[in-house]
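The following pair of complexes shares a single chain, chain A, combined with chain B in the former and chain C in the latter.
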Partner chain A sequence: MTALLRAVFLLWLASLAVFVLPALLPGNPALLALTERNQAATPENVAALKAEWRMEDGLARQYARWVTGLVSGDWGLSLRSGRPVADEIGPRLPWSIAIGGGGILLAALLCLPLGFAAARRPHGIADRLTRLFSIAAQTAPSFLVAILAAWLFSAQWRLLDLHTGGPIQRVALPLLLVGIYSLAPLTRIVRNCFVAAGEQAYLRTALAKGLGPGQALHRHAGRPVMLALLAALTPQMTWIVGGTAVVEVAFAIPGLSQLVIESVATRDYSVLRVYVMGVATLMVVVHSGAELIRSRLDPRPVACAA
Partner chain B sequence: MRRLIGLFAVAAVAVLSTGGVLIAGHDLHAVDLAHRHAGPGAEHWLGTDHLGRDIFARLAAGGGRAMAATGLAAAIALAGGLALGLFAAFAPPAARFLALRTADLAAIMPELVIAILVAAALGFSPWSIALGLGIAGTGSTAIMVHGLATAAFREPYVKAAEALGTGPFGIAWRHVLPAVLPPVTTNLAGHVGHITMNYAALAFLGLGADSGAPDWGSMLFEYRFFLFDHPALVLWPALALLLFVGGLHCLIEPDSGSTRRSVLPFRKVSSP
Partner chain C sequence: MSRSIVRLATALALAALPASAQTPRFTVGQTFMAGSTDPGEGSAGWALASHGVAEKLFMVDAEGRLVGSLAESATKDSDGSWVVTMKPGRKFADGTPVTAAEVAASLARTNEKNAAARASIGKMTLEAIDDTRLRIRSERPTPVMAAVLAEWPFAVYRMADKPVFTGPYQIAALRTGDGMDLVPNPNYPDAAQRKPVLLKRFPDGQTMAVALEAGELDMAFNLPVEALPRLKARGIAVKTFLVGYQYMMWQNTRREALSDPRVRRAIDLVLDRAELATAIQGGEPANGAFPKGTPFALNDPRPTDAAAANRLLDEAGWNRGSDGRRAKDGKPLDLVVTAYPQRPDLVTLQPVVRAQLSALGIGVRTRVVEQPGPISSSGDFDLLLWAVHTLPAGDPGFFLNGFFRAGAGNNYSGFSSAVVDRLLDRLAGIASAPERAAVSGEIQQEIFASAPVSFLLTPAWHVGVGPKLAGYRPWGADYHIIRPDFGL
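Up next is the complex of A and B:
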């Protein structure tokens, strides 16, 4: 119950920040919107537009109207195009969800066997390879790798039709890239946690009972590793949102990223506010959900971080 | 050894960037269509791009901006995190709750999203991006500061200072800050490379700077079409970024090794 209250409170804080900050700052979306509509920026036109957007009410009433709209699903009109924000976001959302969600799913599934293989023999081949891989992922910027991969796969090897192909052809490479970038740190965390579990007395007991190192890890280190993975997945989700945005642009995917960039350029606050609130909701839900699962699995705090 | 290599890489990029702006002597925006895609030479050290602009001059200018933005973002994260965290540690429960939830929010939101929001409000400039990245760093810093400060409160020397009648500011300045600062700055230093990378990513998205001003990230975006015919155009900004961020990682990463004996490894294990 307190967790739920806390989540709602966080979202309320986010809505306040998202609503109030742009409204207080200089910069006039009305002028930009008028240019977009090829209208002269006369005082009458600006006043008419502000009336259309119902901006002459006080900030508090605007906020109240906005929040009730947000909760009830009426997200308002885009300041740039005049279309409903939901219609702007709707067709782009599946692309972003496919790339981001698919990427993290791939990483979460693959990091367990890879991390296990690396922990099985510290300083062995698997350990060295995954370590090299994680250093490479830390230093090589995702957008650079994305450009290179796009060039190799579509221009050099002609394996994928990145710009004109079907959705699967277009999504495959970005999804893989996001997945690989998340996989690198997660694999190291799983590996470190398996190794840390190897230092525990209960594992020595398991070895004394006659289990092999691999069997012992598999049977007795599973739960702490799952907990550490759960703890690591939540910050990874934070990366996924930004990483997906960058990769989408590199592959010219018509996802949310393009819409957000256009909206920043035209100060389309109504789209940006909904986008930021969407991201905030996702993050709060992920964090609260992970915390809930964690407290169910193990009431003690996690000890074996990366 | 590793640190030496890191130090060398970072110093090389820093010196070339600051010195490059002074000695290159080329106008960043001087278009010279007669000398498009010129090779490296005495006139243009690293050659020219598709508009005949000097690559070295653009690279140096981009490096200077990236470093300035990174420094500013780190400074904002440190100052803001210290202020918010110490406030939370000293404030009454209601204010503490508000301060900590604000820090939570800044910590769980993706850095890029916060930076985009700030850029949308303040306009495109390296400073608005640095402010956004700094605010994003404030959250986790504040949470860490709050934890360390409340731990310091339990120390006998703080209790003694309280008993002697030292005010909250005196305690914060003389007793809590020295306990809080070293781990917080170490942690933040570990994230400096991350900030540079985020700045480059935002520049790549076209949100880093006013259009036309060179940034490593925006150069990569602008030159990506020339990967076929003139790979050097992509190579140089990529190399600068890799050298700088990789160097920072090598320079700062703490070499912590597990000292306990594990039953699994049959040799000494060190964490990555």
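Up next is the complex of A and C:
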């Protein structure tokens, strides 16, 4: 119950920030919208547009109207296109979910065998390779790697129709890149957790009973590793939002990031507010959910996450 | 061998392709796409005509001539109204005939909804005389109704549950922000010979160049100049052509320093347009408001004379100090050159313009704004680099009236000249093309004398084409990219 109240309180704070902050951006959305509509930016036209958008009401009334609409599913109209915000976001959402969600899922699935392999023989080949992989992922800028990958797979090797192919062709490589960038830190965390578990007394007991190191880790270290992975995945979701944006731009994917870029340029507060609120909700849900699962599984703090 | 195996494995793994990927079609890359199918909204009419979906009553052809599209003629009646006669036998994409009543309804709707459709002649009243003839009255008179009806807002459509157009293609699917599938309009002549077109929108030209390089596109329209050597090295044909857009620099006459015509003329005189053309690796120095090769272009190049420019500034009281910078009454001559990123060439031109003006002793800073509209409308600039199609309907009246008449909507420089206004009034009463060319020439000379704007360049654009569209011939702009002869 406390967690739920805290989540609601956080979302309320986020909604306040989301409502007020875009309005502090320099640039007048009315002027930009008039340009888009081929109308002269006369004071009369600006006033008419502000009345149409009901911007002349007090800020409190505007906020109340916006929050009510947000909760009831009426997200308003895009200031740029005049179309419902839901219609602007709807067709783009599957692309972003496929890349971001698919990437983190891929990373979560692959980090376990890779981290396990690295932990079985610290300083062995698998351990060195995953360390190298982790360092490479942390040092190579994602935008550069994405552009290079797009050029290599598309123009140079002609393996994929990245821009005009079917959805699978278009999503495969961006998803893989997002996954790889998330995989690197997760693998090291899993590896460290397995190593830390290997030093515990119960593992030594398992070894004394005749189990091999791999068997012992596999059978007895799974729970702390899963808890550590859960803890590591939570902040990784924050990176996913930014990382997905980078690859969407590099691969010309018509996802949410392109819409956000256009909306920032045209000061489309309606779209920006819904987008930021959506990201804030995702974060609150992910953090609250992860905390809930952790507390149910094992209330003790995780000690092995690097 | 190993590459073949990888390709085979990839093909098998990615077998879940949409059927459209297997269909013979043309794939065209562009950096813009209609966001709406309603010509009443924004610039949708322009984009839809460019995509080959919509047509107007009149249009400007490849040679810059005003010709009939859905209409045969427009004649002025004795009462000052215009009678437009349409071509017989034309149909909308749903098979219904194009009647005068349908045309009148669509143009009246657009004129009501879209401010751009009122720019030249204000509010229109339209009535069908019979099935093929249409009478038009306008709030403001025009001697060239055909040219007005060739302006981009005036797409003809029939309003069913959504607009239905008459062009050679119709929209089968519109994917917001991504692309659209075009299929031949079965009610357009030679429909059976046309292939479907996938129109793919790219957020930037570089990504589009990669897609062309990868063989994913049959055509990429308006490629960035930096990508050209790479494409040519791979044997991809690139067609370069001068466009109807003109690059110019507005001088804000409301600014204190620029309110003196001598200062503005000095700035105009010091500009080396050949150097500017070199900077963007394409295009030609502009002789005036209209591109070379059009009936309204001027023959004499704009002069570059640094000595005369220096003399003008001296006369205006802006004298050089010991540091070489000019000042007047202790106030330095500092100006800001503004550009916007939607036309990357303009940003490229900024440092070159700064260097040329600095040589004159002017302190120059550069600024890039996110969007051009608010800056031009508010007048919050000193010098504003700008790109605009000056002959969108094949007639100079649209540009000259809209940008130079005192108080006009696009008069960004705040220019006001009784002489120019009188000449514009005269232009409004002339129907013959040679006479209109002569008067527009006079107007341009007056503009040169006052220099509220410096015409800089006629830019060149670049279109990359694959073997399937090797015969594609770009027209002088992006108004008609996909046309009835596309791919035939």
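Keep in mind that, in the parts below, the second predicted complex is superposed on the first by the 302 of 306 C-alpha atoms of A that agree within 3 Å, B and C clash if a C-alpha of one lies under 4 Å from a C-alpha of the other, contacts with A are read in each partner's own complex, and residues count from 1 in each chain.
Here, a residue touches a chain if its C-beta (ideal position, glycine included) is under 8 Å from a C-beta of that chain, and two chains touch if they have at least 3 such contacts.
Since this is a predicted model, take the numbers as computed values, not measurements.
Of the two partner chains, neither chain B nor chain C is touched by A:L297.
In the superposed pair of complexes, A:G82 makes contact with chain C only, with no contact to chain B. With both structures placed on the common chain, the touch criterion links A:R92 to chain C but leaves chain B unconnected. After overlaying the two complexes on the shared chain, residue contacts for A:D161 are found with chain C alone; chain B is out of touch. When the two complexes are overlaid on their common chain A, residue A:W151 makes contact with chain B and with chain C alike. In the superposed model, A:V249 makes contact with both chain B and chain C. In the superposition on chain A, contact of A:A172 is made with chain C only, not with chain B. Residue contacts after overlaying the shared chain place A:L34 against chain C, while chain B stays out of touching range. When both complexes are overlaid on chain A, the residue A:A17 reaches chain B alone and has no touch with chain C. The partner of chain A that touches more of its residues, comparing chain B with chain C, is B. Residues 27, 151, 155, 249-250, 261 of chain A touch chain B in one complex and chain C in the other.
The touching residues of chain B, counted against chain A in their complex, run 101-102, 104-105, 108-113, 116-117, 119-123, 193, 197-198, 200-201, 204-207, 217, 220-221, 224, 227-228, 234, 238, 241-242, 245-246, 249, 258, 260-265, 267, 269, 271-272.
Contact residues on chain A toward chain B in their complex (touch as defined above): 6, 9-10, 13-14, 17-18, 21-22, 25, 27, 119-123, 131, 134-135, 138-144, 147-148, 151, 155, 188, 192, 194-196, 198-199, 203-204, 207, 213, 217, 234, 238-239, 241-242, 245-246, 249-250, 257, 260-261, 263-264, 267, 269, 272, 275-276, 279-280, 283-284, 287, 306.
If you check the complex, the residues on chain C that touch chain A are 3, 6-7, 10, 14, 16-18, 21, 27, 29, 35-36, 41-43, 114-116, 119, 153, 175-178, 198, 200-203, 207, 210-211, 213-217, 370-374, 377-378, 409. For chain A in complex with chain C, the residues that touch the partner chain are 27-28, 31-32, 34-41, 81-83, 87-88, 91-92, 150-151, 154-155, 157-169, 172, 249-252, 254, 258-259, 261-262, 265-266.
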